[in-house]
């Protein structure tokens, strides 16, 4: 059974069904969306079940000719690097869809785009052919554009087009790099696995140029300084569920590409860029945290915290160590879970209060204890509290980077401090202190919101207490990646 | 008389035609200038045929085609001028300004 | 009279056009639509004839005196005919054409198609010129076909003035060409003949004429005016058929001239390509009329196709073919949607961007289809336009024009901006009216074909690429 | 029993979850506290058994270590990746055994005490959940055999401290104090974090027993690395144990409920820093510099905090400064090689400081104020409280035979052996201790009632609060003598210093007596100022030395420094955000807009800017250039367009010319 | 100066002078008359080149066809005010500049053929032309008819007043 294909295209099937449903049929549309995304999730769990953790190489591979005349294949596969991300995608999408049940207008279009988006994201993590990778990569753009642009906040159109243009501008350079790689491989191929062995024939100059081409695409997605400015805007303007997807999955595509493609195919280019990368990582961490500190909008703060957290991923990667890689992958997963729940939680309060201004609240912990509890947990997880998911990944990132870059890693620790500072300030201003009577009518979370957030919270704790479950999936692959002769 | 003479003549005619097409305000003026350009081409053809390729008559044949095509163009052009004159009551090109970029 | 049988399809189309012209006399004005039906059927018949010539290549393909019938020409002929059929289907749903003049309309359209079919086969400058004139003169008239619409007449007169001027210049060029070589035939040019300034100036002036038809900068200025003024089916037709036919003719010219190493045309065309797509895209950004916007976009698209041309490789040529095919689907689709929207718009400018406000609310399917076309034009996967661009850029990178490819890619990012501006109106703006937008059956059929093409060849382009690869062969010594 | 020591942290943790999730908040269910107390009692029993086993030498091998794999992860060694195991487990040595008893005991007593103190609080259940959670984390910190887990628990106690300080979060002060406490300790934790990274880089392991072995192996740990690691850990310890210059959070932390202060900010959590330094003593042993730094930090803290305690009027603040000061004693001892002394004082101090806090809580519970100026003469109203607190005060002052005498004596002896200037300063701090502690006793319990209203309503606390006091008082009396007996404690914790640090300069025999005499003098001085119901002398002194007093009241300006640091970081943050939105973003958006605009101007044809309504960047650009360029190419003019063609033609002819 | 030269120069002068008149004359009617003159001059040039059929064609089609047609239309559309309007737009200077630049290039080409004398008296070419038209150029020849047909259709279409309008 081509299970990866099923995982990828079940959402598309769902989207097509939705397209055929009349737009008044809201319940069937929602059910279709949930069922198709849910099935996709279940299937990805099946993949997890069948996944051989001791095996570092690609598994569940599928390969078929797609465009033989251009040597393009339809090749899918997962290994320890991509499987966790596929799981994250399917998991978070289901939850985001649950939270999207609160969407009131233009339901048909919403779920249609959402499912298309999911397919694109899953595909990016599974693709083993550069063209296929690129196609899936771009496939995420358009749905995201509409999801932000139609259901977003006041500046949604600008945010949407900025997101679109920014990411597209990056990815066209990626396309150029893909072509360059293709023409310089013998035999000409887009096969990512085959290209991993081609670098011996490539000069450092070529690798550097190609690396930069890819890097533009990835850096904008990650987002790495200074290409991050689309992110706060897009996050703030996007509807809750879309912010969740954006933060939890979309940003990971960049890091994934960096690890899979830039690292795997272009060792010399990567080695050349390692110094800038660590600097960028440090800037991302410290600067992102500082920017977050200056925010009064909760969502924007969380958005900037994403910049900061993706900096940890870069930090881990820049160490060029197995530990750092492990940290980076783990950070992707945990950031997805934690920031996903943070965005959902911010969405909860925004739905009720129609404001996200930190100073507009006060003492809410009395009125909405469940909400406050979940928010505290998510914030603490995000600031890297041990026992919650963020700590181990962050620590591994530092550990990995520290072996090569002592000073940068040490400076980056300041970012941890700043992260703590802004989260604590937010918690103090919003939940603690005297109760602001303006919000006397505030209600605690409802079942739908709990259903979308609690699984994430549970995962946050579970991964924090028992990270073995996730680490084992990726460990062998990452060790293999480091140990592959380069 | 050498080929150079004829080419000079056709070249000058060509340039006069171009100049006219660029400067006449009247559509019919432009049309007439374009005819001059066609004629320049025809002189070229006939002259080349005569001086450089006297074996065949291809040049003359092509010139004949050009004459006919120029005629067809003039016909369409004048018809269009008539039509637009009915619509806008002008034959001055600057006055066509409905379409703007 | 050599090998006249090779151009039977053209003769057939021409004869059918004449027949329709005559039939016009016997058909009551109110039954004018019948002629459209006959016309597209006739085009399909011709299409079948070409299909026959492809299936029996030994018999129906070869080198005539002034023409060469080969897989490439047949490919482009099919595209031209396809465009003709789809434009005629659009015409069936277009309200502003005088029904009484249906005969003239369809026969002119078919004349133009005949001209294009000959153009793509022609290997002689005289035949090329005459075909171009046939196309031009038919197009002038078709552009001005909405007589009561002053915009239409104005577009026609501007188009005409440009056309006449450039054909005069081209004629002058041909005369110089003749002077240098003693012939108008492209085949059999020897290196000795192709050196002098006479030849080169002649060639450049001829290329100027081509550039006019293919709307390559700086010969593109007529495009927006003519496209905006022309009836929409004609716009759709003009934006596709003459352009790809001319590009095909240029392809042939290049195929002959490049091996002869006349003169470094590549540099010139790299510049032209860069200029064309940049001007097209950056100007399109500021358009508020969809037809004008699409006109500039089609200029930009010509720039992309030129990239394939300058690559000068077989892959580049295949790219031109592939892109042309996809271009037919996406451009005709975009114009069809524009026509459908404008036909039910109450705004001051039916083709204004405002007419698209809230289209997704009125007809999600139509809005989605338009989005597909636009994204395809922008080159976003997994739509066909991406495959076309990918192929072309691939060719450019392969032949070392990486800078041009990069510029093309940057341009496609820029183009997203204005394509998405339409999407912005369709999806983000509230609709002026809530009433659902209905489209007629023929437009629907045409749209379905276009959408299918854009999606299917985006997801599975292999059959198309395979056929392009077999088609990118030409009969040249 | 010792092999099941993992239950000690695990049970409270589970219980905290059970309480949090399965008990009802509003019902004032009595089961929640009892469940917590019962668990803690069980933990205490287990700890006592372990303590007994440890002290009787019944455990083999000793120290006991039980280790399991927590997870395994990708690690590196010389550029090669491999799968490394991260252990989780327990390491019970003498120090841990002692700490287990101290923590479980104090926690149990505080929980019992809280039954009375917190009665009727709307978040009663959550309080117990937090307490259990804190105790679990603290116990985890104590028993862990893995520095990473230790660090994890270290952070978790920080969080529970945050939650408990801010327990009454409706008031702004606790909310602020909790944040301040967390942030300040987090600042110190950054150092610890880096130290952990360094440890991994040096040793490739976090397992304490392995580290100890490796550190002892010559060549593994360079002095420089040891110094860096040692200073990093010291940084963390300074944060957690409120040492100079990070002590500022502890006085504010007194905003939490008093039992919490007793448990966390007196007996256990603040001792974690000392405990951590002791646990990683082998690293300090390799670095004299780090060792010296520890000693001096401790000394400075002890002195500064003691002076600040002199002028405080808030009873809990006095105790907080006292705690800081005493922690400084411990750290100083550790820094001088007094491993045993430091831990011994840690133990005894836990008892009497917890007692002092609980007593203060009892007082506050009774008079509803923290301000000592509004107390006085409470000894009659609250005899038990007074009695027990007096015992504790004697203990902390270091009067024979109370517990503090033995531990403080051991410290001073050790410091004397190390550095006699330090000894002098530390002795001075000890004298100050006696002075301000008795000042507190005098102001609170002795003399006339200064606030009749409060005095009138004052009453002895219920027995549920008093018997923990009594028990602690008992321990404050006997624990010192008992543990010091025959070097029992030294034998138990049993840390062998490397040869270089064994400074066997014995203190003069008379030293303990001399110090005791001085302490008595200090107490007498305190009585002279505050015990006679006549404060004129104190007032006049205050008036005369007002600059000094205000410096002390302002805590030497450290608070201000930190506030300005916070303000500074806020300013940096604001600047960063401004830079982000106005420079970087504008660079890309406007830069793109600028290019677009220029291209558009050059291509010459545009009228209506779809853009200026959407892209903000376009708006700011100059229109003049546009007008100028546009005038070059007007619209829709056929002949101007024809001109381009003509230009092309002429260009072509020039091209020919050039050939 | 030979007779041939006299004929050439006088014809050339006729062609060029009247052509200049065509593009510069304020009165469009005069312009159109001058156009006829110029075209007739070109016919003369054809004759001097021995292209007798071309001469005939030029006279028949251009001089008596096109020029007259243009004249009719000019008179049809002419307005009295035309005479007072400037007939040359304001970019004439630029146009002149461009023409001068081009002239240099064209002169260069023409001057390269200075030494090429006439190969001899022209032979009658009409028969050859006819054979060519019916031979190799048959298809363009037929196509031309299509072009003319299209133009005719256009003329009919545009000049036809809509009754149903």
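Letters are used for the chains, namely A, B, C, D and E, taken in the order the chains are written, and counting of residues starts over at 1 for each.
Throughout what follows, a residue touches a chain if its C-beta (ideal position, glycine included) is under 8 Å from a C-beta of that chain, and two chains touch if they have at least 3 such contacts.
Fair warning: this is a prediction, and the values are worked out from it, not measured in the lab.
Where touching is counted per the definition, the chains common to chain C and chain E are B, D. With centres computed from CA atoms alone, A is the chain lying nearest the middle of all the protein shown. The chain pair sharing the most C-beta contacts is B-E. In terms of their C-alpha centroids, the spacing between chain B and chain C amounts to 27 Å.
Averaging C-alpha coordinates per chain places the centre of chain B 6 Å away from that of chain E. Centre-to-centre spacing of chain A and chain B amounts to 65 Å, using the average Cα coordinate of each chain.
In terms of their C-alpha centroids, the spacing between chain A and chain E amounts to 71 Å. Residue positions 157, 161, 165 of chain A each touch two or more of the other chains. Looking at chain D, residues 605-607, 614, 636, 638-639, 642-643, 646-647, 649, 652-653, 656 sit in touch with two or more other chains. Multi-chain contact residues of chain B (touching two or more other chains) are listed as 14, 17-18, 21-23, 30-31, 42, 47, 49, 52, 56, 58, 61, 63, 65, 69-70, 72-73, 76, 80-81, 83, 93-94, 96, 99, 101. Of all possible chain pairings, those that touch are A-C, A-D, B-C, B-D, B-E, C-D, C-E, D-E. Within the complex formed with chain B, the chain D residues making contact are 605-607, 635-639, 642-643, 646, 649.
On the chain B side of its complex with chain C, the touching residues are 10, 14, 17, 21, 27, 30-31, 34, 37-38, 40-42, 44-45, 47-49, 52-53, 56, 58-59, 61-63, 65-66, 69-70, 72-73, 76-77, 80-81, 83-84, 87-88, 93, 96, 98-99, 101. Across the complex, chain C is touched by residues 19, 23, 65-70, 106, 108-109, 131, 134-135, 138-139, 141-142, 145-146, 149-150, 156-157, 160-161, 164-165, 168-169, 172-173, 175-176, 179-180, 182-183 of chain A.
If you check the complex, the residues on chain B that touch chain E are 1-9, 11-20, 22-26, 28-29, 31-33, 35-36, 39, 42-43, 46-47, 49-52, 54, 56-58, 60-61, 63-65, 67-76, 78-83, 85, 91-92, 94. Of all the residues in chain A, the ones that touch chain D in their complex are 157-158, 161-162, 165-166, 225-227, 229, 232, 287, 290-295, 321-323, 325-326, 363, 365-366, 369, 380, 385-387, 391, 395-396, 398-400, 402-403, 406, 409-410, 413-414, 416-418, 420-422, 424-425, 427-428, 431-435, 466-468, 471-472, 474-476, 478-483.
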